[in-house]
Each structure stands twice: as structure tokens, then as C-alpha cells.
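After this come two complexes, each holding chain A, first together with chain B and then together with chain C.
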Partner chain A sequence: MGKKHQTPLLDELKKGKWISFVREMERAAEKSERTEDLLGQVEESYRDKVNHWKHGGMAGVRGYGAGMVGRFSEFPDKYPGIKECHSMRIIPSAGFFYNTDFLRKLADISEKHAGGLLNFHGATGNIQILGMSQAEAEDVFQAVAELGFDLGGSGSDLRTPSCCAGQARCEFANYDTMKICRHLTEEYLDELHRPAFNYKFKFKFSGCANDCVASAARSDLAFIGTWKDKIKINQEEVKNYKKKFDVQKYVLDKCPTKCMWFEGENLVIDDENCVKCMHCINELPKALKAGDERGCSILIGAKAPLVTGPRMGMMLVPFYDVNEDAKNDYEWIKSLISNMWEFWDEYGVSRERIGELIGRVGLNTFLEGIGLEPIPEMVEHPRSNPFIKFTEDED
Partner chain B sequence: MAEEVKKKRLTDIGPHDYNEYLSPVIKKNYGKWAYHEILDPGTMVHVAESGDKIYTVRMGSPRLVSGSFVRDICDIADKYCGGHLRFTTRNNVEFLIEDEKNVSPLKKDLEKMGYNVGGIGNIVANIVHTQGWVHCHTSASDASGVVKSVMDELYEYFIEDKLPSKVRIAFACCLNMCGSVSSSDIAIVGTHRKPPRIDAERLRNLCEIPSTIAACPTNSIRPDTVDGKPGVKVNEETCVFCGSCYTVCPAMPIANAENDGLSIWVGGKVSNARTKPTFSKLAIPFIPNDPPRWPGVVNAVKTILNEYKKGAEPGERVGEWIDRIGWPRFFKLTGFPFTKYHIDDFRLAETTMNYSSHARL
Partner chain C sequence: MASFVYNGKTIETDDEGYLQNLGDWDKGLAEVLAKQENVELTEKHWKLIEWIRDYFQKFQVAPAIKSLTKEVMALENLPDKKEANKFVYELFPEGPAKQLAKIAGLPKPTGCV
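This part shows the complex of A and B:
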């Protein structure tokens, strides 16, 4: 069978060394014919320089308000295969670890009931199956559920939490990112499946300050591994590194607080002044290790530009003893989250992320609302303007 | 009575137990890894306190993949990895290998199949990106096509370690910026340049006027009476073309073939190593969409990468290099014009001015 649509522009993107998504779409179309129409419509976008999707549209499965993203072609008569081209979001396995048995079955499902196209993974971390109609959604959902997988978040809900590979395959992980990620996903399944928030809310878990899941740039609540006690030094390994490269120049001189120096042959660290940035440990992994008193920092409020501009996560809790809290089913963090969501529900407005709410009402109001005390770690520096609003309790 | 037993509908089963997918050596050494070493840009080894090792081979992926792609990587994982594999945040595939002897044959198989092995160390990492024209209704550009064009051009930097530090490039097809786009070494962002068009008739039926008004970051949408009926108007003087209104109101489309394109941002990072996480800053406000190969964008990225490679010290990320040499020099080296668009005029704009006599003259 010949090609259904000519795609001269897209064909240009089959050339070159980097793996081609056009080739992937063609391979998908070999198994699921409707994706021929997707190729046709995308070719048309390449010619017209605009997308050819209608705005949004409803798609979903019974009992859920989230987990599917509706997508309808602007030209259903010309491209009937993608008249409806919805995608389904599936909660990934924590740390994105899988086995081939599951992946093969998922590939089969995507070809049988959808466009044979998948995302590993969407920007928030869901597996996505692309190109199904509303009529097929229930079958896909049940087929996926039989493999032990559930739908992810979308809309104004708790978005699918995600985490780094953590302790499964990284010596830098200061806590079990995969365990808390799975636990809180399970705990808040209702908030994830049934949107009832002002806007989206994201959790992300990184095992150290390298922040491989970019939690501080894109999650409302970022958990970033850290430690409290001294960095453990293996002086022999330090000496080995010194033979290989200029440790003074590339490690010590780049320390943001200059908290390390050599005394004779020995490396000395003023741990009280260390901000746990990870640079020295990254550079000298055999010689330096985080201390034993490990946990994580919690940063709040990160988000992308819409609506009132991008925000980076800001320090809320410098040290959360997550390893201890894990023994109590994460009771402490759940109560903090519950206080935050209550405050956000009470004072936030529609489409206002929690960071924007804090920006609007001020950090002090937020802290009072959730029951945390102000501490200097929360700010870059104390205020420099003198317009202090003293409150009556100072009398 | 019907004999047929109706199968119970599964619902709310929650996240899958990841433990089922961990290989024996990972299970055994969970939380007990001692250190890792990068062996080459496609391979690293993690060594556990027990002395056990796990080798990782990293392979690039376009994120949008076919079932056949999934079967390809499963064949490899079955042949060499006991059926275990994972994905990275930046959409790479990672094969987890217990027996060192399997590393080299696995890589050879991948190369034979035309897959790209690399992405570890001082490299250009796989580009995280959005759906673009392939599957998004708010996109100002395609995503996969730009990413493919840039990665083809920078391919040598994915497979060879020859940059001062890692370079993370990200792509978003509109200001919704799905993914951590706004804090990347180089960010490519889909950008509109014209205000939304109002379809008053559809707006009445499809949109809630108060939430449409509230969607605007610059308060440019106001209530209006159109043909004696409630509607909205847009103050085009203050509209910043962000497309937020279109997200909540389908009757305010903003896509415009001749005026949509891409902007380039530099110097952001999310890691806390050495310096704090920071947003990327504007390098080029607008490059027209030029499918299928977007030469303007590819050249701009290449220009930044070449100057960075020439000028940065070992270990410096793009933002650290620019901080050291200063923005005037960055614009001089790259030849990108500094324009009025580079001066911020939104919330917090005042915090970005140079309050000092410091100037590199």
C-alpha cells in the first residue's frame, strides 16, 4: 500500500543523524493506519506554518475528571483518522523503571486502540498514548489498568508527581525519592483524578541539589535532597584526584562559600558554612560523600510563565527529616500539604498557582496561614526598605 | 439469567509498584551506591558499597515514538539487560547492564539499528520539548522538527565529550512552557507577535467572560458590548501576545502564520551546583518559523555553542561563562543585536537594571 498523503516537507526531517520523529510516525502508521492522517495534517502545518487542531475539547473516562487530553482535527473530513486524536496520560513507574513485558503490552495497546504513538514521557512525567477516539477510551483505560497502571493528572488537579532515579541507581540520593513519590501519589489519588483545585499543583522529588527532575524550576512543591552533618572525606581518594586534575582550581575555588581548603595534604571543610550545592561531591565522587543526617529541603511556588510570569521555587523548609517521617507514613509532610491546600483553596483565585498566591498576599501571610515560623533561610537577605507594617501584637 | 459474568471495571488502582521493575542488582544495592564513573559519552558505571556494578548505556530518543521503537528497545533489553530498562527526565532510554561483557555488543547493536548512543558528561543533552504542531492547539511553532534540526547539526556534541560543561537545550512551542524550558542553558520558545482575534459570536457561546478577563497578565482584556450583547475587547497597546486568553477562551485564537516564530534564551540552569538555579535570559527576541529545517534557529544555537566552547573555562555552564564575561561581550561575540526588547518591562523588571558604575569598557 502506498502512502496516503504526500509529505515532501516532513520527508526532509527523515534525513540526518539524529533519530527522526517523522520516521517514528511512519512506523506507527504501518501498524495503525489513522496515523497516516496525522502525517498528512502535520505536513499541512509545515506548509501553512500554523497548527491545525481545534481548541481543546472534551475527552475522558467515567468517574475521572482528568487523565485525558482532548484533541480534534480542524479538517475532520480531510483527515478522518484524526477527527478525534485524544491522548491518555498514564502514571509512570517511579524513576521511569520498567520491564520489557509491560512496555511490549503497552505498545500493543497503543496500536490496537490508538495511533500507535507514545510519549516517553510527557513534560510532567506521564506516559502518553496518542491518537484515540472517545469511543475507544474506556477500552484503552481498562487494558492499561489490567497491566496495573492508572491514569495521570490533567487540568486543575494534582498533576502526576515525578522523581529522579534516586537511591535505585545514584549515590547522591539523600532520601528515597521513589518511595515518597509513589506514596504521595497513592495518598492523593482522588486529588489527581478529580480536579477540584484553583489550578494545577505539582510535586517533584530530587535526591540532591543537582535536581535532575528540575523540581525547583517547575513544581509547586519541590523536594531536594540535602544533609545536615559533615561531608565525609576520604583523604586518599582526594590525593588520587589531585594527581589527575587541579582540584584547587576546579573544585575549591568554585565552592560558592569558599568553605574548603587544604591544610598540608589534607582537605578541610568548614561544614557549617557549606550550602550543600553538590559541586565538590560531583567533581570528587570517590572522595566526598554527603553526611549521615540526610533529608531534604522543601521549596515552594515554582511555575512556568502563564499567568503572571515564571517563578523559581523558594525555600520553605531548609531541612525536612523525610527519612524519619517515612517511618510514620509521611504524616508531617501530609499535614503541611493539607494546610497549604486549605490556604490555597480559601484565598487563591481561579488559575492562580500557589507561588502566585504567595506573591500576592506576601510570604508572612502564607506562613501564618500554614503554621510555619519565618526564618532567615527563606530570604536572600532581610528587607532593605523601611515600610514596615507593625502589627498590634507588638504593643 | 445470563451466564456471562461481567468483568469488574478497574478504577483508581493508583501508581504501579516500581519494585517490580528493578533488576536484582539494583534491588540488592538500593540506597547503597558508592560512586559512579563516566566511561564514555554513552556509558557510565555505578559501583555499590558491596562492589557490585551496574553499567548504564544511554540512547537518545525523539520522545514521540512508535510501538515498533518500543519493541526495538525491548529486544535489546531482553538480549542484554534481563528485560530491565528505564527512561531519563530528558527522554533518553537507559539500558541497565549487569555484565560488563554485554556493554560493547549492546552499543554495537544500537548503532547497527541506527540509534544514537551518547548524552553523558560534557555534552549537548537530549533536548526536552513539547508537542508542537504534531499534537498541540496553542503551539506557535512545531517542536519535534526544530529539535530534530538542531540535534542533527549538534550531533557530534551528543556523542563526543568536547564542551566545557554540559549544555542543556530545551524547547517549548508556546509560553505555557511545558517542561523546565525557562531555566536551560539554551531555550528555544515559540512566540506570537500579534494580539488575539476575537470571534464575538463564538465567544458568547463558548467563553466565560470574567475568567477570560482574569486570564490576562497585563489586564488588557476588558468587558465590552458587541452588537448589544456582552463580549470583550483587547487593548492592543498593552497586550503581550502570551496566548493565556486563548487557553481559557477558544474564541480568541492567536496563531498567525506570518507572525509566529521562535525566541532564543540563554544562561539558565536548575542545578544548585556552584551557583543558584536561574532563568534563561533573552538572546534573540524573534526568528520567523522556517520549516522544515529552521536554519535561523539552528544557526543561532550553533553560534552560541561555538562562542561558549571557545570562551568558557572547563566546568563553566553557559550562564556562568556569560556572568564572567558580561552581557555586552556576549552580544558582541555572537553578533546578536541588543534591542529594546531585551530590557524587561514586566513584573520585577526594575530588579534587572544595573545599579552600579560597573561596565566593561
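This part shows the complex of A and C:
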């Protein structure tokens, strides 16, 4: 197939030595008319500085209220290939591990039904097959199911939980992110497939404060790996690092709470003032390691700037012994989640995220509603004052 | 825009099949719309259709899913909202927004779905 539409603006995005989504789409367009039309409309969107999808639009498969995101072109006559251009979300494997056989088969499905385009993975963490029509949806769903995969979340439901590669690939992981991610995904499949919430709800699991899945900024309930005891120091390795670069300048001086210093040749850390930011461990991985009492912190209420402004998660549970709870099938966290959802369902209004609800009713009321005792560690961010005024007769 | 003829009258719908003129709706038309959706209407379907139409007449907006599931819990004597939501999908397999609202003659529910 030749180039059906002229795309001078998109051509700009192919310049340079970097990976270009335009180049990838053009490669797919060689085999697919619908992707050619998609390029035409994207060019027009860049020219007009608005996107040309119609507002709203529904797509789906039988039995599920979620998993597909409807897109209809504003110019179906000009771009018939993308009159309908829905995306299908597929729950990824925890940690994003696949075998090549699956990838090849998925690519075949996408070439047959969706112009050869995949989003791997989107910001939601899902695999997305982009650009199918409603008439093809059921076939694609069945084909994906045969590969052992299921549809993800969309709309006002539990969105597909997502996690970092955790202990499978990373020495920093403080807990098994993949295990809890998979467990909660399977536990809450109904909430994922049939939207019944006020608005979306997201879990994300990061093994440490490097937060590779950006859970603190993007998820209603963020699980971020941390430890309780002291950072373990290997002084010999510290000395080796000192020979290689200026440890004072690049590590100690950059510590947010300035809780590290040298006494003679030895590195000393005041662990009580450590906020577990991971900077020193990232810089000196051979010399420093997280302590042995590992678990995670739970942050609540992060969201992007829709309805009210953006917000980061606030500390809800400073230390959740996730490794211990894993032995009980995560009973503790599941009962907390169920209390939260009950409260949100009862008192939240339509399109109100849980963080906004807490802002509206106050943390006190929320904690009472979900049956969690307030503690001074529940703060907006490290070193800020707690929301709650504790009186002397309280512990 | 699309249209079809029902009882000698042209019925206009949007591209996705929702009625343009809500006054066009009657029970016979609901049967026609249900057929287009491959849904066979039973007494259980009608209960929900009547409830959602009453709700719309009162509030001029389609109900939130949680109101619908609460109603279904009461109507069908189900133990929790999760079961109620599953029941709704058994009656309307492509979901309440897509099928129940359409068959009941409501405009397309808005929102990010």
C-alpha cells in the first residue's frame, strides 16, 4: 500500500535517531488500511490541535461492562478505516513476563483485527489492542481468552492492578509485588469486569520507594516497599565507592534529611531520621542494603487532575507487614479494602475519587468509617504535620 | 443519525441506537429495541425497565450503577451488590448503560465509559 494521506507534521516526528511512534504506525500501515486512515486523522489532530474522536461512545463484549474503550472517528467518510477504532484492554501478567509464543500470537490477533497496533503497555499497565470494530470484539475476546488472558478494567470500576517487576528482577524489592498483584486481581475480577463504583479505583504495587510504577502519583491505593530497621552498611564497599566518586557530594549532601555522615572512614546513618527515599541505596548498591524487617507503606488518594486538582497519595498505613499477611491470603488488607469500598460507595458521589472524598469529609470521619485507628504517622508527606490533633489523654 | 420505521412512524436514533426523541417510546418499541440488542424481555427485564424510566422521569438523569444494584438487591432478594450487578449483566449482557438504558428509551448515559 502506498501513502494514502500526506502527513508533513507527523514526518517531523520521525526525525532524529529515536524510536518514533509514527515510524511504527507507518510500518503497520503498510499492511493495514485502517492504520493508514489513523495516520491521516492523527495528522489532522496535530494540525488542528484537538483530537478528532467523537465524545463518548460505547464498545464492549457480552457479560462485561469494562475492558473496551470506545472510539469513533469524527470524520468516518474521510477515514472509513477508523469509523470505529476501539481499544481492548488485557490484564498483563504480573511483572510483565511473557513467552515469545504468546507475543507472536497476540501480534497475529492484532494484525488480523486491529491494524497491527498494540500498546505494550499503556499507562494503565494493560496490554492494549488498538483499533478494532465492535463487530470484531467478540472474536478478539475469544482469541485472547484462548491464550489464557482476560480483559482489564475501564470506566468506573477497579482498574487493572499493576506492579513493578519486584523480586523477580530487582534486588531493591522489599516484598513480592507480583504475588499480591496477581492475588488481588483474581480476588476482585468481578469489580474489574462490571463497573459499579462511583468512579475508577486503582491499586499499584512498587517494591521500593523508587516507585517504578509511579504508584504514589497515580493510584488510589499505593503499596510502596519499605523497611523498619536499620540500613545495612558494608564499610569496605563504602571505601571502594569513595575511590570511584565523590560520595559526600553525590550521596550524603543529597540526602533529604541529612541523616548520613562520615566518622573517620566509616559511614554512619541516623536511621531514625531516614525517610527511606532510596537515594543512597541507589547510588551505593553494593555498600548499602535495606534492613531485614521488610514490608510496605500504604498511601491513599492519589489522582490525576480531573474534577479537582491532582494529588499525591497520603500516608495511610506506615508499615504493613505484607510478607506476613501473604501467609493468610492477604486477609488484613482485603478487609481494609472492603471497608473502604463500602464507605466510598455509601458516601461518595458520582465521579468522586476516594482521595477527594477524604478531602471532603475529613480524614477523621474516613478513618472512623473504615475502622482504622488514627496515628501521627498519617501525614500528607514526610515531615509534615498530621491531619489530626491528638490530645494528651490519647496515646 | 439513523432511523427505522415502527408502526408507520419513522423513529430516529443516534449512531449507537439510542432514541433521539424520548417521547417515541412505548412498550412495543421497547420490544423492537430489545430485539436489535438480541435481548428477550421477560418480567424481570420489565421490572428494571419500569424502575429506570421512573427514576429518569423524577431526576432527568440515568441512575448511578450503585442505585440500580441497590434496587435489584431489593427486587430480587439478593445478598449483596456484587450479586445484584452480576444479575443485571445476566439480563442485559452488554451492560446496563448499553442495553437497559437503550431499551428503556433513555438517552445515552454520559461519562467516561
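By our rule, the second predicted complex is superposed on the first by the 371 of 395 C-alpha atoms of A that agree within 3 Å, B and C clash if a C-alpha of one lies under 4 Å from a C-alpha of the other, contacts with A are read in each partner's own complex, and residues count from 1 in each chain.
Everything below uses one rule, namely that a contact is a pair of C-beta atoms (placed from the backbone, for glycine too) under 8 Å apart; a residue touches a chain by one contact, two chains touch by 3 or more.
Please read all numbers here as calculations on a predicted model, not as lab measurements.
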Partner chain(s) touched by A:Gly65 [first = chain B, second = chain C, both, neither]: second
Touching partner for A:Ser350 - first (chain B), second (chain C), both, neither: both
Touching partner for A:Ser45 - first (chain B), second (chain C), both, neither: first
Partner chain in contact with A:Cys164 - chain B first, chain C second, else both or neither: first
Which superposed partner A:Ser156 touches (first chain B, second chain C, both, neither): second
First (chain B), second (chain C), both or neither touched by A:Val379: neither
Contacts of A:Val268 with chain B and chain C, given as first, second, both or neither: neither
Which superposed partner A:Gly56 touches (first chain B, second chain C, both, neither): both
Overlap of the chain B and chain C footprints on chain A, listed as residue numbers: 56, 63-64, 190, 350-351
Chain B residues within the chain A interface of the complex: 9-18, 20-22, 26, 30-31, 33-37, 46, 54, 56, 60-71, 73-74, 77-78, 83-89, 91, 93, 96, 114-116, 128, 130, 132-137, 139, 142, 144-145, 148-149, 151-152, 155, 158, 175-183, 211, 214-217, 242-244, 246-248, 250, 253, 255-258, 260, 270-275, 277-279, 289, 291-293, 314-315, 346-348
Of chain A, residues touching chain B in the complex: 9-10, 12-13, 15-22, 24-25, 27-28, 30-31, 38, 42, 45-46, 48-56, 63-64, 71, 85, 87, 91, 93-104, 106-108, 110-111, 116-125, 130, 142, 145-146, 148-150, 162, 164-165, 167-171, 173, 176, 178, 182, 185-186, 189-190, 193, 209-214, 216-218, 224, 250, 254-256, 275-279, 282-283, 285-286, 304-310, 312-313, 349-351
List of chain C residues in touch with chain A within their complex: 15-16, 64-66, 69, 81-82, 85-86, 88-89, 93-98, 108, 110-113
Interfacial residue positions of chain A with respect to chain C in the complex: 56-58, 60-65, 70, 72, 154-156, 190-191, 194-198, 345, 350-351
